[in-house]
Every structure is written in structure tokens, then in C-alpha cells.
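Order of writing sets the labels: A, B, C, D, E and F. Residues in every chain begin at 1.
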Amino acid sequence: MEVIEKNRDNTSVSNEALTRLQEIQLEDIWRSLGDYRANYVRGFQSTQPGRRIAGRALTMRFLPRRPDLLTAIDTLAAEGDWDSRYYARAGEEARAGDVIVAELGGSDGGIFFGGMGALGIQLRGAAGVVIDGGSRDLAELVGETFSDFPVFARFFDVRTTSTLGVAWLGVEWNTPVRVGSTTVIPGDIVVADETGVLFFPPELVATVLKVADEQATVEAYERELLRSGEYRFRDVYPLSPELRREYEQRR
Amino acid sequence: MEVIEKNRDNTSVSNEALTRLQEIQLEDIWRSLGDYRANYVRGFQSTQPGRRIAGRALTMRFLPRRPDLLTAIDTLAAEGDWDSRYYARAGEEARAGDVIVAELGGSDGGIFFGGMGALGIQLRGAAGVVIDGGSRDLAELVGETFSDFPVFARFFDVRTTSTLGVAWLGVEWNTPVRVGSTTVIPGDIVVADETGVLFFPPELVATVLKVADEQATVEAYERELLRSGEYRFRDVYPLSPELRREYEQRR
Amino acid sequence: MEVIEKNRDNTSVSNEALTRLQEIQLEDIWRSLGDYRANYVRGFQSTQPGRRIAGRALTMRFLPRRPDLLTAIDTLAAEGDWDSRYYARAGEEARAGDVIVAELGGSDGGIFFGGMGALGIQLRGAAGVVIDGGSRDLAELVGETFSDFPVFARFFDVRTTSTLGVAWLGVEWNTPVRVGSTTVIPGDIVVADETGVLFFPPELVATVLKVADEQATVEAYERELLRSGEYRFRDVYPLSPELRREYEQRR
Amino acid sequence: MEVIEKNRDNTSVSNEALTRLQEIQLEDIWRSLGDYRANYVRGFQSTQPGRRIAGRALTMRFLPRRPDLLTAIDTLAAEGDWDSRYYARAGEEARAGDVIVAELGGSDGGIFFGGMGALGIQLRGAAGVVIDGGSRDLAELVGETFSDFPVFARFFDVRTTSTLGVAWLGVEWNTPVRVGSTTVIPGDIVVADETGVLFFPPELVATVLKVADEQATVEAYERELLRSGEYRFRDVYPLSPELRREYEQRR
Amino acid sequence: MEVIEKNRDNTSVSNEALTRLQEIQLEDIWRSLGDYRANYVRGFQSTQPGRRIAGRALTMRFLPRRPDLLTAIDTLAAEGDWDSRYYARAGEEARAGDVIVAELGGSDGGIFFGGMGALGIQLRGAAGVVIDGGSRDLAELVGETFSDFPVFARFFDVRTTSTLGVAWLGVEWNTPVRVGSTTVIPGDIVVADETGVLFFPPELVATVLKVADEQATVEAYERELLRSGEYRFRDVYPLSPELRREYEQRR
Amino acid sequence: MEVIEKNRDNTSVSNEALTRLQEIQLEDIWRSLGDYRANYVRGFQSTQPGRRIAGRALTMRFLPRRPDLLTAIDTLAAEGDWDSRYYARAGEEARAGDVIVAELGGSDGGIFFGGMGALGIQLRGAAGVVIDGGSRDLAELVGETFSDFPVFARFFDVRTTSTLGVAWLGVEWNTPVRVGSTTVIPGDIVVADETGVLFFPPELVATVLKVADEQATVEAYERELLRSGEYRFRDVYPLSPELRREYEQRR
């Protein structure tokens, strides 16, 4: 795609920052996203319920196969010396901390990969996969081997992409893609759990972490006040001017 | 709403009765509901799978916000000295054993509350929440803190009611409301688990408990007969006249 | 509902204004609705495709029937001397220019009326009906008799409300109701065609008509410029500063 | 149904073979199904997540009840001395290793049975139940008692088939039926888990097991190669000619 | 199917009766159907909007194709000397006044026929077709040629049943079938228009016609009273005892 | 998109050929599409029912707006001197015989244009528009002015893309796009009516026209035979060897 160039250095957000993001509830990240608050999508099934991931988006766009498109892709893959199966290419090119994000047609769309592809990508150090489409090998992906590598997909199916129905071809690698009503740009920070997925520019990470810290402190205080039973809910959440003052003094 | 007045004393059903109801499978309650059998709704996601609740309905009706409605509500709230955020009002007015029941537009509807609101309501002793709409803070609500306070909602989302899309306003407090194809009246008994939710008048509780006891005894006998392998299924369920006689004698 | 009182005089918007509104495309009304732009709903089937209506909302709220609710309603109807069937009541109380707006549970909801009820309401001079629910007698309602009385419903079905599935009861008359994600308040102006339905306060009518007039003039000019083939699209829509000047001079 | 006669001996596939099938992931069975690859259906909820079953199809077809059909069925049941409730009949006629497969109208369809019916069928030694329709008594079926007897259904509901909405009648016993877009023939091998359900003729079992064994060996080798980090993904999956040779030699 | 034998003489309902049924609105037939009121289905698209048909059901059941089923069907067709394509068979065996009713999997199901098949069946004198599945050649079927031969289908598509996705096979000819939540039995009377489809036993026709006549007379009287403007709606519909007396005297 | 280069001369298919394609039913084109048979999509609403169009695809891809994407697009538009509103750009760049094809997120997607944009594109000589998304100004587009310019969209709505919900940005101009499960490549031939839309390479046109001619002749003959009433359906469709011979001789 010609419209946007993102030369995002994949070290611009430290691994420590990613680890901290992984511990923060999506609502507490979303709060600081400003004009990127629309970049939230839900409706995925996770292979590792209870596991949250945070990483950098490695995106790919798929289109339904047609003969002339297939020829073009095969030619390009041969020229570029990459595998035209994008899950295989990701198994060679993904970097530590990447989250694969595949635009694949949603719940009526194509199937991205199965257990072997997942293993290849996991071994590259990727944090997980978000598929706006389907995956195979659910029974394998829910297992222990993949406990730190959740796959978020719209559906799981036993069929391969090339056997039944419409097959899909990877046509663009690490380019802006669409997931639901959200645009994902390569290098976006991705945070995902059962609540859904957030995508946002790395520049927002510092603010997100700072606000989340402050918020955690305020909310701990509010919870304490609520549990004391001495205050009306409305005076605690949000803090009344008076309680706000006490809070500020106590800090 | 002018159509119905229910001055139901919230002690008309004892806590012991509620505790017993909580142990009975929904099918075994439903059996005795007579003309209230239509008062069953399913399609909720529970934050505490495996946990059943029984309590008294504290209802609230929400409507999509519009400027003149917002002004009217704010005026009424100021006059009545209650918080126009109904989750906050519930955090001040809910009573022990209440189940909050919110009419909120269903799976395309509004968002009721998040973790702080849940804490406020839980601390009042409420048994749980049934939202015909959405909730925030799923990750928090599935945690230990809320293990005895399940939230049943149509969906979970990270957004606040006031930021994206249509916001909703609480417009009626403890009044007849609609949840799916069921009308809920303040003071109704509510029993909910992953199978769905039942709403029924407190007057039916005595019958429900009595029939459930009898049924449990008969079914235990039927299971015993089936396990013995000596009877045809059709003679056991329902009991043939002969086995019914044996059962009656044995009691 | 206690939350809002609307003593809207049903002559505050003249019949001439309603007639003019009826000739304006919904997009051209919507433009001037400001904070009421969310008050748009689509997804209805019209019995008179191609026919647009404009009138004043006479609202009614329905809830699924249950025995205690039925008793309460019947009592109230007897006391108030009105018919508990709300379509019958509308056949006695509707005024010229009214548009009946029924909250009835949407596409899984109840059935409001059939041909006889429609006739009764039509004879009162009402402009049409918007049902967030179903209607009977489609074959009759699409006929000539009702050519100036369109019914907009979520579905059409042959069954009566009392025979199969859940019946619904009218519980509130001319009170704020919900249609999709929109709140309708008694006396709201209603404009409806196949594109959907708009609801807005009568105070906005003057502005709507004024803006629509101006807009029509500008757009006629823009169309003329486009058809001339002498201008780039971007210079015409919106008018470039230069063309805007020419337009202003020409007026 | 007159179209097909299947006198499949229920010993044609050994219990050992069924046990081995139960350990194989659906994708690895599907691979060998050739023209029967379309015989895969997904979209069921399992009462025992994580549990896979393999068995022989005992099929039944249901139709919505109407008076003349009911009379006909009752007459036939009396003549044949079987219970017209098919779950009861299955509680008398099912054999060890059977999987009940009920065509029941899908997610808008009828309800097959509840806990007592499940117990009757389980006691006959059946492996489980696949319902293209609904079931009652979810809370009971998820319990310990049924840990080796999963029920796969489109939905779970508290209502009995005869009380609300349309009831359904069993009209054909052990005959070709439809489940989603798949035809199931009596005696078909059924393998089911959360990924979905496969149905295929017993003749394919030998090939399925052989191919699955070989595949498991190849894939173990491929995983080993991937984990070594010494090979490009594309050379491992599928094996490059060179690695294939090494693999063949090593065997 | 073994469960029901219907040797309904196709002259038991006269052509005159069918013609009269065709002129009656579905609601006015449904009224007299008693326990067959559930035999109503909606959700079809008609190729000839505004056209109602009445006829006798010639039913057929389809199942998704699989190799062994295909072999069995081909064998049976050869033995019986009929065409295994059921639309072709209907083009040879349908009788005047028949309405073809095909159970074909609903909106996700198979495709029954195209324009040539429609012509063949039309030329046999059939009244129309109800497909719980799809049809081809919409552009042809909406034309003049077929103005007296409406096709009611769940969807229209350009593909043939044998090319893409799952093909379907006719497996039972003139046997009880399912359309939505309704069972259709060969020889049932079928009445269909855009409002939906009714199926009922021929024995009910006399009552249906008689009641519809009476009803038409009463309703004409009620409409006259309403139009007079002299009566309250509630006194006219239903007729008050007094007006009922006047009506009886006037007849 | 880097993957495919299509330098299709827009005169490679003559206007006469397009005119002839416009007269052929979609099924009769689809027959000759070989491996491009999957390139069929349905589910659009047409503003000019009964009107079929044939033309050359001018494609555009949209993505949900986010601040950094908006900045990038605005920069590119300024550099390239085109309007970043793609409907406006099409109003300046579309050529006679073009069919605009917009990838816009489907039935939950964005809104492409309204009446003024439609006029601009129509005045360029374009044949029509296929939107995998929404349009405004339905009431205007169904009018006389646009009788030769049908718009096929997933939905119609009154809102502008920039006011409510998520706005969408045009990000790629005349590049491979996705419409449902079909990939459309710039310069593809597009044929659309209420039955759906076909997309295929211009190289297939000659074959399509030739086969359609032959087919029309055969089918006319078959219809004649059927109408004669002298042949069994199966001998006519397809032609029996004998009738095929007669047909060949007669030509």
C-alpha cells in the first residue's frame, strides 16, 4: 500500500514496557488512547483463556484466490525468495515480541494456519496471533505447548485453506490491514485478551503506562474507601473534592 | 410506570428459601411456574461460570440518551438526591439479597457498569447482576474478588457508555422492565446460572420448593431403578403404575 | 414514566410545516438535527413503498404478558375507561397528524394490530404507524385503501398476539419509548420512508425547513455546475470560494 | 427412507479401533476422508469440554408435531412396541459404542432430552450424543456423572419439548439424517470434540488409522527439526527432498 | 418414511375450492386451522410479488450428497425409471394444481432448479413452488412467462447445485418433509403469498371457506360502522352485543 | 498493492461487447467462467431493480480512519493533486463504461457517497457502482435521474461517513480489492443485477458471448420441445442423443 510509511524501530518500545502492558487490563489502556479509542475489536475466541499478550504488530493481508492472482503471487514469492504461504513466511521472518495480525475475511473468511505453522512462529519468539479469520488444530493449540502463545481467531475449523470453499492468498506483507472496524498499521502495539484486542501507535505507550499507574493508585484508594462503608458511592467514585484533597495529601 | 403496584416486602421470602433455591437446577424450578413458565431467558455470558444465584429483583430501565431526556433526568436526580448513574444509585440503595436487573437494549444495547460499580453493589450485599446489555471490566469481574457475585450480561466491552456510540440513561428505578421476551417486576424472585434466568413472583416459592423436594426424591428412585438394569426405561420414567405403587409404599 | 413531562401542544407545528417536511429527503432533515442526529433508525419494511410520512409521535410501550401484569392492566383500563388493546385505544384517541410509535420488542417482538385496527386509526386522521415489532394483514395493508397510511414494521406475520408464542400488553400510553437505539418522546416529530425513521423535538422544525430550503438552492446550483462539465468535482462540491461568491451574487 | 440400506455390522470396527480414533485430532482424521471430507460440522456446545468421543452412529429424525403426525407415530409405536419418545427408545435399544445422532431442526429446533434420558442412554454403554437441536439439564450434564458421556448440542434450554413453542416428534429411527450440511447414515463412524464432528463410513477406518500413524511420525520429525533452529520453515514443512530422504533412512 | 401413509385423492379438494382459497388472505385462513395453526412459515422471497397461490403439496426431501448416498439414489432411480434430478422428475410427474414443496436445508441449503426446470413443472399445470432452499435464474423467473407460476425460495443464486460447495440429492419423493418449523405431508393444501405459507389437511378446507365467508360479511359490516364515525372502536371490533344483534337481524 | 500489475487497456473489450453482456442473464455468463466461477457475490440492494449493468471495474479500497492514516492520506492526496474523498476523485477520473467497485467493510462498513457524488460519477459516463458497504440518499438514487445508473450497496443510511460511528478513508485507488469472498482486479469485467455480481478478466468475454449464443439457441430449442408436450423432460434437458442430432441437423 502506497499510503503510509512506517519505519517503526522494533526497539522503540522496550520489552519491559511490553511486559507491563501485558499486566494492565484493556479498559485501563483504552482510557489513554485518545483518538485511537476506536481501535478496539472484540469477538475472538482465544486458545488460552485467561492469558493476555502485548507485542508489536506484524501484519498481513489476504485476498480470496483467483488464478491470475495466484500466478502473480507465486512470481513475486519466487523473486523475493519468500514462501507464498504467509504463515510459513512468518515462521522465517517474525521477530521476538511480534504479534501476527492477519486480515482474512472475518468469520466467513479463510484459514490462516494450523499447529505446525503455530510452532514455527512461536519458535521465532512471537507473542501470539490475531486472526480476523480462522485457524485449524484447535485441540493442539489449547495444549500446554502453546500456553504462552495464544491464538485469537474468529473460528476454528478442521479444513485446510486449499481444500474446501474459497482459498485465500497472502497478498501484502506488513502493510496496513483491517480487523473488524479497525485499521492496524505495522509496528502498532497490540494488547489482547478475552475482552478483545487494542491496536495503537508505540508513541502512546509512555502515557498509557503513566496513566495506568496513577489510575491504579486512585482506584486502590477508592476501593479502600468503599470497603470502609463510611462513604456514599457518589462521593468515592469519582472522588469528591474533599476526598480528592485527602488523597492528594496522603500521597 | 403507572400500570402495576408491587409493595412486596423484601422479607416475604426468607434467606433460607433463597439459599435452597440457589441449590435447585432451573429445570426443577421451572416445572412449578405454571403461567410464569414463559419467564425464562437465555443467552447471557456469566463472569462466574458454575455459580448459581437466587435473589430479589431490583429493576431499572434505561433509554438511549438525547439532550432533553438528559436534562429531565438530571433534574429528577437532583430533586430526589440520588445519583443519575444507576449503578452508583444501586451502590447506595441495593439491599442484601437483591439481584440487579437492568433493561439496557440487549446485545446492541448500552453498558451498565464496570468493576468499581460492581464493587459498590457487591458491598451492599447484593447477590449478583443480570444485564440485558453490556458490562466493562470482564477481566476484573472473573476474578476471585467477585467469586460470589456473578454478572450475567449480553456482552462485555472496554468502552464506557459515554464515549462511543449511543449512551444510555437510567430513566425508571424499580419498575416493570423487559429482559428478552420476559417482563420482570420489582421484587420478583430471580434465579440465574449458565442455563439462563428465571423470574417469578415470590408467592410461588413455597410450591417450587415443595415440588422440587418431591421431584428430587422421585428422580433419585428412578435413577436407582435405571442403574439396577432390571427395568425398561419406559417403565421407570415416568414410573409405571406398579413402580409408582412400590415407590409410594417405600416412602 | 416519571422522568419527563412534555406538554407539547399538538398545534405547535402547523400542518403546512408537516406537509413540507414530508417532501424533504431524510438526509436533508438529518443535517439540521444537531445533538438529535442519533435519533435515526432503519430496518423497517413499509407497506407503501415510495410514500413518506411526517407527523407527531403518539407513543406506546408494550411488555410481554404475565398473569399479574394482565390483571393490573385490565384494572387500570376499566378505571380509565379505555380499551386495554392499545390499537383499539388509538382507534379512539389518535388525532389528525399523529404517527403511532409502538415499542414492541423489535424483530423478535410482539404484533401490534391488523387491518381492522389500521382502519380505525386511519379514520382518526393519523398519518401512519411505526412499529418496533410486527403487524398482521400485510396483503390488506399494501392495498389502495391504505395508500396514504403506511405502516412501518420490523416484520409481518399471520398470527394474532394472543395465540402463539408470547403475547404483549400495552403498559404505558404516550410516554417515552425506545425504537432501536433511539428514544422517542410524545409529541416528537416523526418523518419516515424506506430509508428509515427520524424522531426530533418540534422546536427544530423551523431550522430544519430553513436549512433544507437553502440547501436545495445550493445543491441545484451545484448540479447545474456539474452538468455544465466545466468544473472539477472538487470545486463544485463543496463550492470553491470563487463559486461560492458567484452563487451568493446570483441569489 | 427407501433410498439406502445399510446393514452395517456393529462389530465391523473394533472397540480398539474406536479407542485409537478417540485419541486422534479431527484434522488428522479428516485428512484421509477423501470424498467424505465434506462430512464435517461445527457449531456445537459440548457438556464436557476437552473430551473427545468416537463411536457408531445411531440416527433419528424428528419433525415438528402436528395432530395427524402424532396419531400416526403413536400408532406405529404401539404396533412396534417401542416408546414414541426417541430418547426413551434409545434408553432401551442403544448399544455399547453407539453415538446418538439426532436431526432436530438446528439452533431453532426442538429439544431432545434431559438428564434422565441421558442417564438411560449412558447406562446402555453409548459413547455420547450429537444433537442438531437442543437439550435440557445443562447443569446436570456438565457434572461428574456424565464425564465420559459428552452431549454436543446446538443449544441448552430449560423447557420441555411439549410445553412451549413447537414440539417435535421422532419419525424415523436409524435412517439417513441431516446434521448441518452433512448427511449421516446409520453405522457411520462419529468422532466429535469442541472442534466439531466428523461422520464417515466404517470402511475408511483402517486407512485413517494408518495415515494418522505415519503422519504423527513425520510431524514429530518435523517438529524436532523446527525446534533445532537449523532449518528454514519451508524446508521442514513440508519436508524438502533432502530432509525427506534423511527421514526415510532414519525410519 | 414409514410413519405416515396419506392416500389423499387429489380430487378431494375441487379446483373451485382452490380458486376460492387463492382469493383469501392468509390471516383469514389461519383463523380456522385449529391445531394446525403452527403450520405457518415465513421468510421466503417470491418471484411474483402480489401473486397468491393455492394448491396440493407434492413434497420432496433432499440431503447433502455423499458418495454412497449418490450410488444408492442412482440405483433406485434406474430401477424406478425416474430421473434422479427431482426437478426433472417433477417435470414428468407433477399434476395440475400441485405445489412443489422441497426440503432443501433452508437459507444455507441447496439449490433446487433453474428456469428450464421451472418451465417443465409449469407445463405440467403445477401452481407454483415452495423451496426451503435456493433457486437459480431469478431474472427469468420474475418475467412474464412465469406470471402465474410463483417460486417462493429462501435465496436465489447463479450457481448450479453440482459446482460449488455442497450438492444436495433428492432422497424421498412425496413424503413428510420439514419447512422451517412446519411439517408438510403430501396432499396438504398449500396457500402462499409474500406473507408466508400455510400447510393444512384438505379436510379443513370446507370449514376454512365457510368461516372466511362469514368473517368477510362481519368485517364488511364492522368497516361500514367504523367509517360511519358513529361508534367507538371497542363497540365495533368485536361487535358489541347490541351491534351484534343488529347485524344478525340485518342478515 | 505490489502483487499484481494489470495494464488492461480499457478498449480491450468493446462497448458492443459490454452491451451484449448486459443482455445476458448472470447464470449464462457464469457457465463459461471456469476457474473464475467463485467470483460471484450476492446480497446487494439495487437502487434500480430490473436494471442490469456491464462495465469495467474501477476499484478502490477503504480502511477505517485513524489519525495517522488520515494525515498520510491527506499528504498523498495533496502531492498527487487528487481529492482524498474517493467518490469525488471518481467524479473526476472515472471513464465511460467504468463500474466503481468499493471495498468498504460490508454490511457493518462505511458509507461511500450520496446523490451529489453519484451525479458526478454518472456524468463521467460510468455504468454504475458496486459498494461492499453503504450509500446515502436512497430516495434520490431510486429516481428517474439515475435510471441508467444503478447503485448496488449492502445498506442505505442517512448518516455521513464523518459524523457517527467509524469513518472510512480511501487508501488505495484501482488496486485489487475484496468484495465478499471475491477478489476484484482493476479492469475486470463487472456484470450486476439483483441476482448478484460477477467479476472476471476481459480475456473471457469472447468465450462468454459465444457460449451464451449457442446456449440460447439450444435452450430455445429445448423450450420448444418442452412446450410441444411430446417429450419426457429428461430427454429434452439435456437433449437426448437423438434430439441432439435433430438439433444439429436443423441448425
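Convention: a residue touches a chain if its C-beta (ideal position, glycine included) is under 8 Å from a C-beta of that chain, and two chains touch if they have at least 3 such contacts.
Bear in mind that the values here come from a model prediction, so they are computed numbers and not experimental data.
For the touching copies subunit C and subunit E, the fraction of interface residue numbers used by both falls below half; the interface is of the different-residue type. Checking C-E, E-F or A-F against B-C, more than half of the residue-numbered contact pairs recur only at A-F.
Centre-to-centre spacing of subunit D and subunit F amounts to 43 Å, using the average Cα coordinate of each chain.
Centroids built from CA atoms put subunit F at 51 Å from subunit B. Per-chain CA centroids place subunit A at a distance of 35 Å from subunit D. Residue positions of subunit E with contacts to 2 or more other chains are 38. Contacts from subunit B toward subunit A in the complex involve residues 83, 88, 91-92, 114, 116-117, 119-120, 123, 136-140, 155-159, 163-164. Against subunit F, the residues of subunit C that register as touching in their complex are 25-27, 30, 37-38, 40, 42, 52, 193-196, 198, 219, 222-223, 226-227, 229, 232-234, 236-237. For subunit B in complex with subunit C, the touching residues are 1-5, 35-36, 38-39, 63-69, 72-73, 76, 105, 108-109, 166, 171-172, 176, 178, 181-183, 185, 201.
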